[in-house]
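As written, the chain order gives the labels A, B and C, with residue 1 at the start of each chain.
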Amino acid sequence: MTEWTRHHLYDLEDLSKEEIELILETARSFKEVSTRDVKKVPALRGKTVVMLFFEPSTRTRTSFELAAKRLSADTINFSSSGSALSKGESILDTARNIEAMNVDMIIVRHQSAGVPYILGAGVQASIINAGDGCHAHPTQALLDIFTMKERKGRVQGLKVAIIGDILHSRVARSNIWGLTKLGADVTLCGPTTLIPVGIRNLGVKVTHDLNDVLGTSDVLMLLRLQKERQQDKFLPSIREYARVFGINKEKLKKAKKDVLIMHPGPTNRGVELTADVADGEYSVILEQVTNGVAVRMAVMYLMSGKKTAE
Amino acid sequence: MTEWTRHHLYDLEDLSKEEIELILETARSFKEVSTRDVKKVPALRGKTVVMLFFEPSTRTRTSFELAAKRLSADTINFSSSGSALSKGESILDTARNIEAMNVDMIIVRHQSAGVPYILGAGVQASIINAGDGCHAHPTQALLDIFTMKERKGRVQGLKVAIIGDILHSRVARSNIWGLTKLGADVTLCGPTTLIPVGIRNLGVKVTHDLNDVLGTSDVLMLLRLQKERQQDKFLPSIREYARVFGINKEKLKKAKKDVLIMHPGPTNRGVELTADVADGEYSVILEQVTNGVAVRMAVMYLMSGKKTAE
Amino acid sequence: MTEWTRHHLYDLEDLSKEEIELILETARSFKEVSTRDVKKVPALRGKTVVMLFFEPSTRTRTSFELAAKRLSADTINFSSSGSALSKGESILDTARNIEAMNVDMIIVRHQSAGVPYILGAGVQASIINAGDGCHAHPTQALLDIFTMKERKGRVQGLKVAIIGDILHSRVARSNIWGLTKLGADVTLCGPTTLIPVGIRNLGVKVTHDLNDVLGTSDVLMLLRLQKERQQDKFLPSIREYARVFGINKEKLKKAKKDVLIMHPGPTNRGVELTADVADGEYSVILEQVTNGVAVRMAVMYLMSGKKTAE
C-alpha cells in the first residue's frame, strides 16, 4: 500500500492519485469513529494542533477542531483579532512563534493565496491548508470526493458538473485537481465572466448552458455565490443568476434519477438552489459536512507521521 | 424512581414535579464532584457538546462549558459572530450543520423566545435552552430551586418573593413554573409597569409593595434590572426603583432571621441590592453560581441517555 | 530543598532567590515534556484553569493555555468582551463568580497595575499575574532568566543590558527584580524620557548611551517600543529611536562574540532590531517562547500544591 510521506497539505495539485486514495481509505475507517458512543481514539494524544484562522469561518474551524479532539489532540484557537498581528507582526513571525511552543500542526486559513506555502517553508510544524484566497481548499475537495465515492462506489468515469462562480472558487480549483486525477469527467458551468480563461488546460470541459450538464451529470456541485460579485460587475443581478444557473424542483426533473446535489455551504437558498432542493432527496449537503470531520481526521492522522490507513 | 425520557430541555413548564426532583437529586451527587481534588468523571467521555450562543454571556457559557468538561465531554464554542450566520444562513441551517458533525448536545442561547423549540424540531441532537428572549431559562431556575432546597431542606410551602422586572425576565418565568410545581408559595413584587397582566393565572400572588413580602418571605429573589428599562419608559428612574424595591441593610432588619437573598447575577450593586447585602450573611448569590455547575452537569448527564440519578 | 508555599504569583519582587531557583529547576524538567511524542503529564488532571484576559494577548494566553493543557488541566477562556464586565460588574465580582465554579487558578492580565493583588485578596483560587499595566509580568521575566541560565550556565555575575522603554515596561521591572536577586549585573539603557527617576534604587546602573553596554554585555534584552510613545511625546521619532538604540548587524560587530539577543516579542523589525539580527545567530527570541511554556507549566504545577521540583 502507498505510504504517506508528506509533511504539509497545500493542495490536491501536489498529490498523486494513490495519495488521494490513501486519504479517502483512511477517512472511511475514521467515519465510523464519529458514530460510536465514545467518539474518540487516542491516535494524536499529546499532540498540539493550532487553528490559525485569518478569515472568519466557524464551520470549517469547528470541523477541524472536532476532528482534532476526536483524535485526542490538544487544540488551540489562534484568531487574528486581538493577536500580535494587530501589532504589526508578520504572518510567518506569528507561525514561528506558535511553532516555538512545540506545536505539531497548524491549520491555516487566509484570504491571500499562497500563505500556507510561505508558512510551510518557514516552520517545521505540519501545515494544513484550510483555504487560501481563491487558490485551494484541499480538505473540502477531499470530503466532496469522499462523498461521491461513498454514494456512487467510484470516482473514475463519474460525470461531475461544477456550477457557478469558478473564477473565485478555491473549492472548484481543488476539486478539479482531485477529480481529474481520479479519472472523473468534469464539466464547469457558469457565466462567461466567472469562468477563468485557459481553465480547459486542467483537463475539464466548459459550458455556459446549464442544459448541457443537467441531464447527463452524476453530480451537480453548486458553488456558493458571493453576493458581492454583483456589485463587482461580474453579474447583471443575483436574480438573473438564480434564474439561469440556480437549481429548482422543475429543473431537477431533467436530471438523472440518481443525481447527487452537492454544495460546500453555507447555501444561499433561492440563489444556487431552492430550499426544497437543498433539503430534498438528491441533496447530500449534510453528508458532506459529516464526511468533512472524517476526512480531516484522516489528514491529521496521516500528517502526524502514521504512515498507512491502519 | 422516575426515569428520564426527555431528549430536549426547553423549560420547566414541560417537566413534571418528579422530573424536576430527579434533576435536583442528580445534581446533588454531581455537586460533590466539583469539590474533589480531581474534578472529573468519565460520564460523557467521547460526547460532543456545542455552545451555540447568540447573546453575549460569558458566565452562563462558562458554567455549561465547565459542567461539560467535568463530565469529560468535548466542547466547542460556536459563537454567532464570524460564523455562517453573518453570511445569511438561518439558525436552523446552522444547527443542522453542527449536528451533521455528529454532535450530541447543543446548548443554545438566543435573544428571541422560541428558538430552542425551532432547533429541537429540526435536529436530532439534544437541545438545552440556556435562555431564549424573555421566555425561559430553565437551568437558572433549577439552580435557584436547588439552592433553596439545599438551604431550607424543602421547597414545598416555602414563601418565595420574586422582586423586580418580572415582565422581561426569563429567570422569573422559569422559576414560577418550577416553584409552583414543587409547591412553593410564590409572590411577585415590582412596579405595575413591570408585572405582566394575567400572570396570576400561573398560580402566583402579585404585589407592588415590598412591605407585603419583606417580613414574611423565606427567600427574596431579586431580578437584574436592565438599565435600558428607564429609557424605554418602564421606570421613572433607576434611583426611584432602588429606593422602592432595592434591598439594603435597613430594610433587611424587617426580614426573617433566616431569609435567603438570591440574585441570578450579575448584580447592579446599589440598584437591586446594596453591596453589603450582596456580600452579607443572608446572600447565597455565589452558592447559586456553584450550584449552577452541578445542575448543568445533572441535566447534561440525564440528556445523554443515562436514565437515573445514579 | 526549598518548598513552595505561595498561593499567588504577583511578581518576582515577592520571591526569594531560592523560590526563583525552584521555579527554574522545575521548569527544566517540564521543558523536556514538550519535546516528547506525547506532550502531556497528568499533574493537573481535573483542575480548572481560567484565563481572565482584559488585554488582547493571543501569544501569552496561548502559552499559558498550552502549559495548562500539557499538565492535563481543563482550561476556560473568559475574555472581557461579551462578559458581565460589559454589564458593569466589577473585576473582583467577576473573579468571585468564576471562583464559585470551583476554579483552581485564575491567570489574569489587565491594563491596570495592581489588579492581580485585588483579586488575590478577594478570592481563594490561585492568582497568576500574566501582566498588569506597567507593573509586572513575572512569568516573562522567569522565562527570560531561564533562557539566560540555560545558555550561559549561570545568572550570577552575568552582565545584562535592558534596552529601550523602561518606563512603561512591566517586562523590565520584573526582570530587574529577578536578575538582581540572582546576582546579575543589570544596566538599563534608553532615552532619558523613558527611564524612570529613582530606578537606580533597585540596584541597577543606568546609561543613555548604547556604546556603554554594547561591548561588555553578555545579554542584550531589547524591549518592545510601543509606537504610541512618539505621539505621547516621549520620543522625537521612531526613526531616531531606531538609529540610536536599535540593534543592527553593524552595531553587533562591537558586541561580545557570545552575546545573547533577547526580546519579549512581538518585535518591531526595523525598530528595536533589524530582521537579520532577529533571525540571526545571536538571537534566542524563539527559545524564549519555547521556554515560556516550560516556565508556566512549572509555575502552575507549584501553585497547584505540589511542593518540590519532582
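Everything below uses one rule, namely that contacts are C-beta pairs under 8 Å (C-beta built on N, C-alpha and C of every residue); 3 or more make two chains touch, one makes a residue touch a chain.
Since the model is a prediction, treat every value here as computed from it, not as a measurement.
**Q** Is it true that over half of the residue numbers where subunit B touches subunit C are used by both copies, so same, or is it different?
**A** Copies use mostly different positions to touch.
**Q** Through what angle, between 0 and 180°, must subunit A be rotated so its C-alpha atoms fit those of subunit C, rounded to a multiple of 5?
**A** 120
**Q** With chain centres taken as the means of their Cα atoms, state the distance from subunit B to subunit C in Å.
**A** Here the centre of subunit C sits 40 Å away from the centre of subunit B.
**Q** Residue numbers in subunit B touching 2 or more other chains?
**A** Expected reply: no residues.
**Q** Which positions of subunit B touch subunit A when the two form their complex?
**A** Within the complex, subunit B touches subunit A at residues 45-48, 50, 74, 76, 78-79, 81-84, 86-89, 93, 96-98, 100-103.
**Q** With touch defined as at the start, can you tell me which subunit B residues reach subunit C in the complex?
**A** 34-40, 56-59, 62-63, 65-66, 69-70, 265-269, 286-287, 289-290, 292-293
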